[in-house]
Structures are given as structure tokens and as C-alpha cells.
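Quick notes on the structure that follows.
We just call them A, B, C and D in the order they show up, numbering each chain from 1.
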Amino acid sequence: MIRVAIIGASGYTGAEAIEILLRHGEAEPVYLSALPEECGAVDEVFGQFKGRCNLEIEPLDLAKLSDLADVALCCLPHKVSMGFVPKLLEVGLKVIDFSADYRLKDPAIYEEFYQVKHTDTANLAGAVYGLPELFRDKIKGATLIANPGCFPTGALLATAPLLKEGLIETDSIIVNSVTGASGAGKNPSSKFHFPNMNENLFAYGIGTHRHMPEMEQIAGEVAGEAVRMLFQPHVGPFDRGILSTVYCRPKGKLSGEKLARLYEDFYAGEWFVRMRKDSPAVKDVAGTNYCHVFAAWVKGLVVCFSAIDNIGKGASGQAIQNMNIIFGLEESLGLE
Amino acid sequence: MIRVAIIGASGYTGAEAIEILLRHGEAEPVYLSALPEECGAVDEVFGQFKGRCNLEIEPLDLAKLSDLADVALCCLPHKVSMGFVPKLLEVGLKVIDFSADYRLKDPAIYEEFYQVKHTDTANLAGAVYGLPELFRDKIKGATLIANPGCFPTGALLATAPLLKEGLIETDSIIVNSVTGASGAGKNPSSKFHFPNMNENLFAYGIGTHRHMPEMEQIAGEVAGEAVRMLFQPHVGPFDRGILSTVYCRPKGKLSGEKLARLYEDFYAGEWFVRMRKDSPAVKDVAGTNYCHVFAAWVKGLVVCFSAIDNIGKGASGQAIQNMNIIFGLEESLGLE
Amino acid sequence: MIRVAIIGASGYTGAEAIEILLRHGEAEPVYLSALPEECGAVDEVFGQFKGRCNLEIEPLDLAKLSDLADVALCCLPHKVSMGFVPKLLEVGLKVIDFSADYRLKDPAIYEEFYQVKHTDTANLAGAVYGLPELFRDKIKGATLIANPGCFPTGALLATAPLLKEGLIETDSIIVNSVTGASGAGKNPSSKFHFPNMNENLFAYGIGTHRHMPEMEQIAGEVAGEAVRMLFQPHVGPFDRGILSTVYCRPKGKLSGEKLARLYEDFYAGEWFVRMRKDSPAVKDVAGTNYCHVFAAWVKGLVVCFSAIDNIGKGASGQAIQNMNIIFGLEESLGLE
Amino acid sequence: MIRVAIIGASGYTGAEAIEILLRHGEAEPVYLSALPEECGAVDEVFGQFKGRCNLEIEPLDLAKLSDLADVALCCLPHKVSMGFVPKLLEVGLKVIDFSADYRLKDPAIYEEFYQVKHTDTANLAGAVYGLPELFRDKIKGATLIANPGCFPTGALLATAPLLKEGLIETDSIIVNSVTGASGAGKNPSSKFHFPNMNENLFAYGIGTHRHMPEMEQIAGEVAGEAVRMLFQPHVGPFDRGILSTVYCRPKGKLSGEKLARLYEDFYAGEWFVRMRKDSPAVKDVAGTNYCHVFAAWVKGLVVCFSAIDNIGKGASGQAIQNMNIIFGLEESLGLE
């Protein structure tokens, strides 16, 4: 039984990781930590665990942790995470980090978008970007996984076949995404107060969203050349899911059938990526680790769609998928 | 043109009052005040007023106010309101107070439920309970209106015909209500954070809700005897509306037809109370000052239903209805 | 591996049963049938099964079925079900029936509420009411399970401890419930058209809901005397969940502590019933087989609350729980 | 008092027109018609009119109509409308047509997208496209108004300043829109059944939406040259509103300040178009005739945003605005 510690267990991604582990069978949560003011019985913090999980969320105690756990899911926010990850690695744990701290290979870009100096460039170099459908082989032997951002996961799975085969211009990709409100996290705020968010839809992070350089870096790795993406996120009145609509300029004519075949081939054998025959719907993937994709030829452009659960395939589901790969388990354990 | 000041204009009831006044025709908002930290251009505080209302929300200046306005809508919270109402009255304004501070005639009950000493019993005695369908004559000449609570408005309109005619036992009325989430006000909190409140429904204030003694007092006035009501509120995942389902033990047999006639007669001539032939639906009254009612005979009990908008007929709509009555205007101005 | 046939697999309860079985481990769906016009690949009928379940939904073929399956989940509507259940039993299957056809022991009451003659009274007599927390021992050896209605499940689990111990009057129980809109089933209708149901809440089935006699029958069995319940359902703008608020007249004084102890004792050892310290919330049980309960002493009454998922513990979850019991499996398999 | 007939009054746009007229003051609904099977008292068809509007919805009787009304709001579907509009004009009414039948000036394009021959090209030639902010002068003297589609209204108001000034490339505009579910109309369907649409978001009309040629035609008129737009609609889980995010390639550098000034100048004096300083939110315009716009310079592109209510500014609100202009009334009557 793989023993899992969750660092930062008081937020939505921590709770989702616990949910998945409760039905995993070959891994189990053994240790939960959070900031002192967010500690307490996990079934008080999250009502859905009433009687199902008897763990306490407690302040982090590294000494205790090293004996207890094999792997840490580090669900801390950006900037905070890089203060803890080196310590978790030092005590011998595998680490799957949910923050952006180990995703951007170039510290200068990190520092531009996150406005802080990177303090753990040593481990940054060896971190593996945990998108299994693109980097499964590297993940297998990894000690530190940079678990992808939710928007990059959706945008990259929507476009990877086109990028890989060099079928689209790489200087003019537009990614338009709509996320559910759980993406904003658990802290109450005016924007996400129910009477404001309900029956609402708006854009945010105009021109500045931090997932943009992450998308560009990984898309560039897939394409083998620099990729320029304009990413515009929106938030809508639903709990979970991201629909990404990606507009690409193709280098040549691509019929619908050719696109379907391209995607089918690219994702052949992938359990968690599924082709649709029309637009995917976020409700079909909510609460799962699946990504539904579709691509169409429209007026000389290729329009690609992907739907994922922002907390599932976009965070905790993908983290467990990575964990399963690292430990040589069936990749879909806990995720079916 | 009646000049209206709104004290506590930064909350939902203040905003709704402005909306109504913008299309009123014979009254207009002239002065908006709030706590210093909530001040600013009203069209920045509430995006829906962009370019429609150019007023500033400013810290209260009583001296200024006395020249500017004829009437104050006092949208302050319980306990705070009674500190300001005497001053508003002193400078010569009519006052329609949204708080509970002038609703409970017995200061001892007020003090039990609100845990604070009543500091303005002088004005309390003369305040008129502003439910026009029951107390229109008293409202006409009033200087200070205690605008009813949202739940009492719904529960009282649902049961008044039965209480008035002495057709039900007054010791065993059960009021089960579900309100939309705007009832919780504008301040963000964990319970009303979108990812918690969305797709959710729960009870609150079990046995302790402050609208219970208010219902009992007014129901007692209507019935001419003491009335005992058990009131249980719930909150559901919608913005606006309250559905109240009231269970009553009748003194004798009452057919559906007899109930329909009773309600039709009781509310004959009332513009804002409308009979339905089946359960009312909150969506039919959302954004309005209407109350839809229905009553049925079920297995020896009478089950009464009412639907109102908690911010409309349950707060700001009713306040404007009261204002229209006080100033001798058409009662439905701004409310159609 | 237990082989499960789902008869009537094209509706929401069928889909939920498939979801549960896909992660069960010791049971699997092997055969899906529906009306000819609703047949097709299950992953076309329900987008969430894309690539996860390759079964066809096909017209019922009893001959084929007898070799294929060990147990049938019969998700057919009331009145239709009793035409198929005898045939399923004859070919040697265990049957868990989701309809009301085998719940009411008295065919006369069935005929009054369902307006049709009961055509399978032979099997009716031997059917076991499948509420494990109350009737586990009978379920163990059963061949035909009448899977409980969603509202009765919630109302009975909320009140069983009080009924069993004879602590409340049995002639005046009021059950006020609010269900999510999935309770209306999969067929589109004006009431459940999104623009009508969204932001809405209304009562229905006033005085006539068919779950009322079912509640009364089982409550009577638990209490050991006739029980009279007034049941009033409502529907609200969320997908899944039922919150039941039950008002009871106690025979004597019951403190909150005494109520808590009573419920803790009664449900000690039950995996799927959990005590809360305040009102349960439907979101905490949505998508699960759990029931959260709470009871309070309010102004001389006992107010009991329960929250379940109407499709989970209120239908398919409970059916799988029953199946697990019948086949001697761990009761929570597929349901954690 | 302007007397208004509503043809096709049983749908959402008809109901919204009635709502607006009930508070208009200088116009009133006098005649409502629909298909025979959708006729009845308007307050039975739409619960929100209970006691507020006593009209019957009746089968169309042209003879009667000519005496009764000054103007017809023709809320019929595409293809049906052009069968009635000539008759309404013949009996002397002004006509504001909500369908697409009089929007596309080139019958060949109409016939390509609507798959039917245009049967009223005589009146098509003289119809005026009713977007007041762009064509107010032509509207003033019009007899037949082609009321704009909801998506074109949003997309055109978002981009008109740029198109008019020739600041963007006209061959590569991408319009990404998300509409509320009321856009699908009142007839129940599987896609818009609450349990499917709730918590969901998906694209539709991929490459084929009929609003695309309409946008291109009007954008071309504004730009003075052919415009090519790729339009991709989506639908989300809310009642009302459209957020359009438009991606444009500028001909030169445009700063945020320059864009703000451009829009402020272009819409100076317009009552119903308002500039925001960040993304507009659909909730701020829901239930109104306002359009909120914003434009930003992002990575070498201009990203424009607009929010409207699809039934308000996108249909019935705009129709009343047009009516007010035609009859020389204050343009905002009924719409504030």
C-alpha cells in the first residue's frame, strides 16, 4: 500500500485527492497537513468525509512525515511550495507538486510572471512536467513531478497532435477557456460570492494569466520550435470543468476526417483522452480524470475543443495518475 | 418629485431600492451613504449602474441630508439602525427602516433575540409595521415604518386570511421556508462561497431564527390572540426568492374551493398579492414586488404556500410600496 | 465476478448504476436493455461513458439474459415493472426493482395511488423492502428486492430512531422535502426545461404524492403501530440531493443531547448513515450513498433532518448496497 | 399611447416585450397572438403575469389587428416570419421583425444558410437593420425593421469602433461567444433539460451558425469593405446574457488608453452602451437593454469584450428601443 501525505490538505485539490485515494485500493492517505489555522478533523473541514476518513489535518511535522509516507502531494500555493519541496525531497519522499514553482524551466520567466525570485533552481532542473499523455516515459523515473496547471492541461491536450505533426502555425494560437468557479479556490471573495458568481460569466487575467508562459513552454517542446499562444480565461457559474476552444491557423487544408484520424492515432492507447464527434461538454468529464477532445475545420481555421475537470485531470486526478505511474501501479487506479 | 436618501446603500437592498427608483418617475435617489470603507461611485460599487446613476456613496452627513431629502430608506443592519433612526427623524425625514429594530413591540423580546438593549424605545412605540396588505391605514400617516422581514412577509401573507377568520389552531403553525442566497447579504463567507452554495441546500438558524418572534407578534395581531409558530428557514442555490410552505391545523373542514374563495376575498383589490391554482414558483415573482399564494386541504391539514422575492416584496420593493403610500402616490409606482 | 443486467438502462438511475459498477471490482455490468427507441451504444447515450463502457443498450431478450447475468437491476417505471419482474425471476435472476410495484404490501393502496390493478401479487408478497439499515437481515436471503423510493429513504432514516423507540406521536408527522431536478427523470418537459427550472423552486404533488403511503407503511412497521405522515415534496435548482425536514410531536421532553445519543446508538455500526452536529447539506452527500442526519428539539417539537443523493442512496447506490448484501459481498463495494 | 401587437407572444422574446411594455408608459400591449395550441390567458402561459396583464393570446386575426394596433413585434421563427410580415405591412402596421428573414440583404446567402427560398424579397430590400447605435438615422423613418440577432448585436458593438476606423485586419476576426440557455427558446429538449444543461458548458453550431453571415454583412457595412469573421457560439448554465470575446489583428500598435478613448468617443452620447475598465460581466446587464464593452491590447492582438442580455439588448429590449425611435419617443422609455 502506497502511503500518501497531502501537504496543504485544507483546499479543494487536497480534498479531491483524498476522495480519489479513499477508493484507490493500493494507496491511502496517511498524513494531512495545513496551516495551523486550517487544521482540525478532516471530516469537520470537509463535510463529505463525515465518518469516512478519520485523519486529522495537522501542522506540518517533517520528522514525523519521513517515517509515515512514501510520497507527498504538495498542494501549496505558488511561491510557498518551493520553500517546502526541497525539505520533502530531503527526507526521502517522492513529491508531486501542484504549484507552478517547478513548471517553468526558465527562472527568468518564472520571476517575471510570479514577481519573486526562484529559491530552488537546483530541484527545478530535474523536475518532470507531469502530463502523462505527453511525457509518460520521463514521469516513470521521476522523483519530483511538476503537476500541470489546469488550463495548460486542457489547451495542450487539445492541440498536441497538431503541434507534434507541425500542421499549424505556431505564432498565432488563441486559447479561449471557461472554467468553473472551483478554480478560484476555497477562500471566500466578492467575485465568487454566490450572489455575484451565480448567473454570471466574465473574463479575467486579461493578457496576464500565469498559465500562458507554461502553455507556451510545453507547446514549444511538443512542436520542437517556439510557440506563441494568446490565452484568455473566463469563469462561469458552475462548480467544475474547463472548456477550452483553441483557434489555430493550419499550414494546409485539413478535413474533419483527417483531423479525427490524427487525434485518434495520437491518443491511441490513452485511457484518459477520448475523442468526441462534436463539442465536448464539461458535464461529461466533471468529477473524472478524463479529457474529451474534438477538432473541426472551419473557414480555413482549425478549431479544437477540450473538456476536463479542473480539479480532476486539471489537478488532483492527474496527480494520482502521475503517482500511479511513478510507483508502477495500474495508471487508472482510483480514477475509474 | 420625492427625494430619497438611502442610508446603507452599499448592500443588496440598497442597490435594489436604487433600481426601483431609477424607473419610478415620481421619486428619485438623491443621496447615498455607507460606511467609509464601502463608499465610492455607485456605478463602481454595483456594475449594473454603469452610466445610469452618477451618485457617489458617501459617509453619512446628517446636516447635508436634512436639506436634500424627504425620506430615508435606512438599510442598516439590526442594532446599528436604532443609533441612526432617531437622528434621521430629528432632521425631519420620514424613515422607512429595513432592520428589525422597530418591529418587535416588546423590548424584552427584542433583547432576548438580539442580545442587546433597545436604545430607542421612544420611537419604537410609534413605529408602524409596514405590511400594506394588513396595515395600510396605519401606514398612511406614519413617520417611521418598520419594514417587515422577508420571511415574516411571506409567512404572514400565506396565512393572514386563515388567522383573521379564526379558521386554524394558533398553537401549532409550522413555517418551512427556503430562501435564495442573496438573503445572506453582500459580505463573502464560506457558506455562501459559490463552490459551497452552488448545488447545495441546507437548513440554518434551527430553533433560533430572529424572524420567529416577529411572525408570532404580527400573526397574533391579525388573529386577535397569541399565535405560536415554529419557523425553520433553509437556503438554496438561487439568487432571489422565498418559498414558504406553512402547515396549519384547521378548526374544521375546509375544502380547496372554500380556501380559494377565502383568499380571493381577503386579497380582493390588492395589487401585489395574487392567487395561484397550484404551488407558486419563486421564479414567477423574482425581481418583483408580487406575492403569489395558494392553499390546499391535505389529509386534515391546511398547507399554505407563498412565494415572494426576498429583496423585492421582502425588502426594497415593499419599502417603496410603503413610501408610495406615505406620500399619497400610486401604490405600484416603480414596482410594475 | 457478479454479472449485472440493467433493465431500463437509458435513464438516470441506470447510468448511475453503471458508474458504480465500473468501479466496483467484484461486480460488472454485462447487459443493458431499454425500449427500442432508446437503444444504442451506451457511450453515445451517456457521454460520460465515452471509451469507458463498450456495451450496447439493446431491446430486452430474456432468453439471452438468463445465461448472461446473475442479477437484474430493474429500472423500469411504475406499472411497467410488474410486467417484467416475474419473467426475470423465472429465468433465475435475483431482481432488485427500482419501481414502486413491489413496495406497497396492500394491493388496494397500490391501486388507489397508482390507478391500476396490481398484476403480480404473487411476487409482491415475498418482496423485501430494501432499506438495509432497517431490514438487513431480510435482505440477505431475498430473491426480489423492492428498492425504496428516494423520499421514503430520506424520511425514514430521519425518523426511524424516534419511531422505533416510540418517542413521538404517530398521527401528526410532517415531512417537508426538497429534491434536485434529476428526480424528474431524463425526459424533457416544460417544468424542467433549464430556463424554467433554473433559479426556481416550487412544490408539487400537493396531497397526492405516491411516496406518502410507502412512507407510512414502512414507518408503521418500524413503530409497530399505524403512522400518519403528511408528505410535501418540492423541487429546487440543483441536480442531485434531497433534504428532508421532518416535524414531529414528541411524547415527552427530548434534549438535543438525548436526541444525538439516540441517533448515534441507533445507527452505530452503519457505514452509510452519519450524524451531523447541525443541518446536513445536500452537497456533502451528492454523488454518494451516504445519508447525513440531525435532530433538534425546537419549541416543544422535534425537527429531524436528513440529506441523501436521490439517485445514490435514494436509488442506484442503495440498489448496489442491496446487491452487495444479497451476494455476501462487502456492503460498501463500489460505494466508497 | 402606442398600441403594440405581439405576433408569436408565447415565447421568451414575446414575454420580455410584454414585461417592458407593462412599465413603458407611452406604449402598451393590446393584442397577442400565437399558434392555436399555444393560446390562452397570458397569465396562465407565463406565471409572472398573474393579475398584471389580462390579455388573451389568440390565433392571429389580421382583420381585427389592423384596427387595434399601430405596430407589430413579430416574434416568429425564421422562415415563418416572411409569410406574415407582408400581411402585417399591408394592413398598415409598422413591423419590427425578430427573425433573420429581413437581415441578410443577399437572398442567395439567406438561402444557403436557411435552406429555403426567400419569398418576400420585395420587402427585404427596404428593411432597415435595427441596431440603433449604428443605424439610428435609417431607423427613424423605417416601416420594417429587421431586429438584429443576439450574437451579432454583441459582436458588432464590441468591434464597431475598430472596424469604422479601419484599425484592424478584416480577414481574421474571431468571435467567441457564450450565451445563456434562454437563447434556445421555450421548447423543451434533451440538451436544455435542466439535469443536462445545469453545471454544463459546450460549443454548438461549429462552423455553421446562421449569425455568422449576418455579422459579416453588417461588419462589412461598418468597415466599408468585406469582413471575414469566424464565429463560435457556446452555451452555459445561466438564464440570460451573452459574453462575446473577440480577437482582432490590429494594423498597428494600439495601447489600452488609445482603445479606451476610441470606444468612449465612438459611443459618446449612446445611452445603452457603456465602457468598463475590465471584462464586462453578464450579470451586470442581465434583464436590461445595456451593452457593456471593453477592449485590451494583448500580445499584439486586440481583444474586445461585450456583454448583453440575449433577450434584452439581443432581442426584445432592442425591439422596443427601435419602436421608441420610429415613433419619436424617448429612446429609453420602458428600458431604464
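Rule of thumb we're sticking to: contacts are C-beta pairs under 8 Å (C-beta built on N, C-alpha and C of every residue); 3 or more make two chains touch, one makes a residue touch a chain.
Only a predicted model underlies this, so the values are computations on that prediction, with no experimental measurement involved.
Visitor: What chain lies farthest away from chain B once each centre is taken as the mean of the Cα atoms?
Guide: Ranked by distance of C-alpha centres from chain B, the top chain is A.
Visitor: Measuring centre to centre with CA averages, how many angstrom lie between chain A and chain C?
Guide: Result: the chain centres lie 36 Å from each other.
Visitor: Based only on mean CA positions, could you tell me how far chain C sits from chain D in angstrom?
Guide: Here chain C and chain D have centroids separated by 46 Å.
Visitor: Touching two or more other chains, which residues of chain C qualify?
Guide: 198-199, 237-239, 280-281, 283 - these are the residues of chain C that touch more than one other chain.
Visitor: Going by the touch rule set out above, what shape does the chain contact graph take here: line, ring, star, complete or other?
Guide: Drawn as a graph, the chains make a fully connected set, so complete.
Visitor: Where on chain A is chain B touching in the complex?
Guide: Going through chain A, the ones touching chain B are 12, 181-182, 184, 186-190, 192-195, 197-199, 237-239.
Visitor: Can you tell me which positions in chain C touch chain B when the two form their complex?
Guide: Within the complex, chain C contacts chain B at residues 174, 176, 178, 180, 196, 198-204, 206-207, 228, 230, 232, 234, 236-241, 243, 245, 247, 278-283, 286, 296-299, 301, 303, 305, 307.
Visitor: In the complex of these two chains, what residues of chain C are touching chain A?
Guide: 22-23, 25, 47-48, 50-52, 199, 271, 274-276, 280-281, 283-285, 287-288, 290, 292, 336
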